[in-house]
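Chain naming follows the written order as A, B, C, D and E, and within any one chain the residues start at number 1.
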Amino acid sequence: MIYLLLVLWLFLAFCIIGEKRNIRIVIYLCVFSFISSISFLILGSPDAAMAEAAIGTFTGIFFIICFEKHRELRFNEKNASVFSRDEDPPDIDDERAVQALLKLRKKARARTRGKHNAKSILQRYLAPGLFSILLFILFIVFLPGGEANPYLRNQFLTQFSEHVGGENAVTAIYLAYRVYDTLFEALVLVIAVVAVIHMSYSSDILVKGGKPSHVGQYVVVVSVLRVICAIVLLFGFYLIMNGHITAGGGFQGGLFIAAFFICRYLVYDIYDLPITKVIRMEELVFLSTVIFAVLIVFLGTINHLPPVFHIVYMIVMNFLIGLKVACGFLILFYRYIAIERR
Amino acid sequence: MLIYLVIAPILFAVLLYLFPTSKISKSIVIVAQALLVAAAFVLFYQSRTNEISLNIGDYGGFLGITLAVDQLSAIFLILTVVIFFALTIYNIGENNSKFFWFLLFLLEGTLIGLFLTRDIFNIFVLAEVTTVLGAIFLMYHRIRRSMYDGLVYLMVNVIVMQFYLFGIGFLYMLTGVLDMDQSALVIATTLDNSQLTLPFALIKTAIAAKCSLLPLMTFLPKVHSIPDAPSSVGTILSCLQVKAGIYLFLRFRHIFQGIDASSFFLILGIITAVFGIILALGQTNIKSILAYSTIAQVGLIVIGLSLEGTYSYIGSLYHVFSHAIAKATLFLSAGIIMRVYDTLEMSKIKGVLKEIPVVGFVTILAILSMTGAPLFSGNISKYFMMSEANFIIYPIIILINLGTITVFIKYATILFGKMPAVTEEEIDEAKATGVLQEDRDNIERTGFFAKAEAIILRIDIFKEIAVVLLAILCLLGGIFGTELIGLLFHYDVVIRFADIAEKAIIFVCSWGAGYFIYRFAVKKNASLKFIGHLDLNFRTICVSIGGFFALTLLVVGVVLS
Amino acid sequence: MINIIAILMFFISFFGLITSHSMIKSIVFTVLMESAVILFFLSLGFQSGIIPPIGVNLENLEHVADPLPQALMITAIIIGVAVTTIKITILMSFFRKFKTTDWDEARILSHHHEEDENNND
Amino acid sequence: MEILGNIIIILGIIFMLFGVIGIFRYQNFFVRILIASKIDTVGALTVVIGLAVKHGFSFFSLRVVLLLVLMFIINPMVTHIIARSAYESGQNIDGSVDDIEEGNE
Amino acid sequence: MYILWAMLIFLIPYLVLIVRGPTVWDRILGMSLVSTKIIIIVIIFSSLNHLDYLTDFAIIYVLLGFIVTFFITTFLVTRKKREK
């Protein structure tokens, strides 16, 4: 049963290779992530499946915002045949520089196009295909045999409820045994937020002047979305608070809270956000996560606390991580919607 | 103690970013850095007697993550804090935003974490963090070339880390643990080599790309020498990130004890060194020369590590140390030179010794250390490296050193001569050539226009202090070489005076030969220049990664077994 | 068997990486590569009828999935998406500046200073 | 109860089969979306109801019924959005293709 | 069990619709149909293995599928309007 799903999964990957249109790539990618999520679920890992489904949605949304902008810029360029000047570019002041760049690009395009067109499809794909197949065969030939060594698995499964508590072994691992990894994971998100703010085209931090979502005209949809907004938010908090008992946890719940803000953007056309405050809050939450982890786990306090406090620790930690992830993805989303799209 | 050395810089960085003012008080930064250096030295002193380790959360049974300092980690830890301290002094006089310090401290914390951790998956996480931070740092000024190179750097590193992750998967499947020491134990006791070939090849591919061991990996020096990036990032990437690759190389060699691929890596190291030298000779840009010579030195270090014997091992590790410090000196002084001359092109830089005597003098010291002159740290490391080489490797190392000397003779030409006068036309031309306005504004370009107005530039005193300190370290590492090795490696070494004299003669001869090679074969060689500007596109880099993987797999699986 | 599918996926995306001229598609293929590795990790110790490691009564350890790869893969997924957003941002600011997403064109455009100097010599 | 549930489920599957046939039979997009989405919604709801019936009155059934309500609202809404967007963006009713995609090269 | 197989087999024509569909709207429709099938697969999977908490996943897929579909259609229709 899982094999059929995985064959479909491979089929979608092949489709992505042969596809040149960006919109289709996004659609394939979304279906791809749905199918991988359900495969992960069948493989017995609901936490990873939930993270994959939510992340797939967010990746699809980020991609589609950028592709739309990509397309718009190309469209403008095709119609105007010069670099578009409507979007307050700080770099195009010197007319001569623009002309030089334009000429150069024409030359570059002619050169590369000539190279691309000179080869037929077979020539283009035969050698890389054979190379990939060779690597695959080598990989298969040297595949190590033998069963998986279950040492750590058995240790975790037998001891997690005694050491950490809760009912979800995965949450126990990433909140207690490997919380050090989790801190760096949160750090990566902080860095991603800072990087996206620093490296995007526009250098201002405030998100204002984005485009509205144009959903207001769909009256039926808006009224349904309002209900769904609430459900999404509630569901996010449910996932965070029940992270130690069932599948879910800080990351997944945080992603859902961020999804709530997407719905909110769609319904109310809110694209100006006090983003500096959210960034500050994100970093404060990160700091408190680190300090909390230091106090409870790194100092070894958790081993001396009664089991009830383990549950409290997990809930608080899940909540902090959830808030952190929610803030991070909220900033990323609004950055994309308001600045990358502008 | 151990964990705070990692967490404190990160917390400090985030606090700095949260700080309401945009400019950071310099004393805070320098005090924090000094505290870190002190903590690292205390840790180093403690770890001399016995290995310090910390199991996070005290779970035992390899359930949690273990941090530990042993001899190897301690060396890299000391190196990291020393170089970051120098970088802090170097940048303290500049009007850097808090974002700069944020990145610097985060990089320091994650690099220290990379050297301390004993968990295989934790290495993946930290390597990703350092990669991302490096890419952001490269694009600190957000200008043209850095964007393309930064994207390539990020993409290639992400792809390579997927190979590494795959390798971890197999390793976890086979051993059932993620702890390095325990998995080494399990591998040594229960597994045979045929099972380990695939994870070995996967992980070595990733590590080789990290320390640019692949002969075709020209993207890494290209990234190190991006002209628009701050020179601090070139220093960090070239001195520490690449050395982190070597650190991982050693760690994983310990894990895969059964697989003896030293001859393979010996050949690879020789190829890398030769390629690095040839490519470095073809460069026309001072930062590129330094970056490509790093590749050559990495090749040399790998040769030394692949030779059997304690002396060559110690010599190679000491070379990591001495090379990193000399290279940091050169990179930072190149940054000052770039400030003054507003260019990195060798043809336009002349008479550094006369214009900025301190930097010129420091550059001479660092070059002498790099090329292995007597009394410098490079000499000590190369001495030990060669002391156990056999009759084939010995001349090869001397030849590689000759190549290095030739490269640095080429580099030294910037020191002499007369500073070229700048005419009005040149200024106009510089304004007119396709340089976008933003690029000019973003870097604080004081030099070019200042020179045109015949104003002698005032150089930041802190920058000079930083490079002078590093140069003094080079000299100290040479004079007190045996004592320092005793301190770092806990191993008493003896240097025979006769050998030193022999080395000195070889060194002088090499300089003579190097000068002749430079004068008659390198100076106006168009084909070398062509080779130096060879550039792989992204697809070819991916193919070379795959090719390296297949090669390693075949060599380890078929030839060596 | 599942790990072979994951490996196949890994090399399909590798094939995509070495053939695609578009930066956008390269980013998409790195996303696919990450999912291949994630599938491989999660398939460690798979047998049919496996149940998630959730619940208090996990006495019958035979059919419970390994929790450690799952925790690791959540980390890998989050890191992957963070890196992907950075890549998209760099790509978009690159595209706005140079109006191209082709690797070869981008290379020529961003290195054109050096090329000019080479031609002059 | 078991048999009744199975019958309802099989009914749902037959509904879905009709939907699949309808997708490939008609050339016009609006006909396709009408058939596919309507029949799909009905089929999905029927299958879910069948499952709930099969399980009897339990916690699982309660959750499934909650889901049923959600699907009952959301599925037609998705169809509505797609059809309306297609219409507004100039998809012709008479079936000629007006594609708005474009390549990246 | 037979329902699971039926749903899996139903996935194939919908994937064909996604890949082949002449217009982009067909592809989006296919996406929403696939997400419906996956929801049913999850419910059946949870009922077969007696894992009640997996029904959460059905809710997740419903909500996420809705958000993605909605986002893509909104973007496409605004783009089309602007270009006219």
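Criterion: contacts are C-beta pairs under 8 Å (C-beta built on N, C-alpha and C of every residue); 3 or more make two chains touch, one makes a residue touch a chain.
From a predicted model like this one, the values you see are computed outputs, not experimental measurements.
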| item | value |
| --- | --- |
| Separation of subunit E from subunit B in steps, with touching chains one step apart | 2 |
| Pair sharing more residue contacts (C-beta pairs) when C-E is set against A-B | A-B |
| Centre-most chain [mean C-alpha coordinates] | C |
| Subunit B and subunit D, separation of their C-alpha mean positions in angstrom | 59 |
| Subunit B and subunit C: spacing of chain centres that average the CA atoms, whole Å | 27 |
| Whole-Å gap separating subunit D and subunit E, where each centre is the average of the chain's CA atoms | 10 |
| Between subunit C and subunit A, distance of the C-alpha-averaged centres to the nearest whole Å | 12 |
| Subunit A: positions in contact with at least two other chains | 20, 22-24, 46, 70-71, 74, 91, 101, 104, 128, 131-132, 135, 139, 143, 148, 150, 152-153, 156, 178, 181, 185, 188, 191-192, 195, 199, 221, 228, 231, 246-247 |
| Two or more partner chains touched - positions in subunit C | 14, 18-22, 24-25, 44-45, 51-52, 54, 68-69, 72, 75, 79, 82-83, 86, 90-91, 93, 97, 101-102, 104, 109, 112 |
| Numbers and ranges of subunit D residues touching at least 2 other chains | 70, 74, 77, 81, 101, 104-105 |
| Complex contacts: residues of subunit E adjacent to subunit D | 3, 6, 10, 13-14, 17, 22-26, 28-29, 32-33, 36, 39-40, 43-44, 46-47, 52, 55, 58-59, 62-63, 65-66, 69-70, 73-74, 76-77, 79-81, 84 |
| Of subunit A, residues touching subunit E in the complex | 1, 4-5, 8, 11-12, 15, 23-24, 26-28, 30-31, 34-35, 37-38, 41-42, 46, 49-50, 53-54, 56-57, 60-61, 64-65, 68, 71-72, 75, 211, 213-215, 221, 225, 228, 231-232, 235, 239, 246-248, 256, 259, 262-263, 266 |
| Residue ranges of subunit A in contact with subunit D within the complex | 20-24, 70-71, 74, 218, 220-221, 224, 227-228, 231 |
| Touching residues on subunit C, where the partner in the complex is subunit A | 1-5, 7-9, 11-16, 18-22, 24-25, 28-29, 31-32, 35, 38-39, 42-46, 50-56, 58, 61, 64-75, 77-86, 88-93, 95-102, 104-105, 108-109, 112 |
| Residue ranges of subunit A touching subunit B (in the complex, touch as defined) | 90-94, 96-97, 100-101, 104, 128, 131-132, 134-135, 138-139, 141-146, 148-153, 155-156, 159, 163, 176-181, 183-185, 187-188, 190-192, 194-195, 198-199, 203, 280, 283-284, 286-287, 290-291, 294, 297-298, 300, 302-303 |
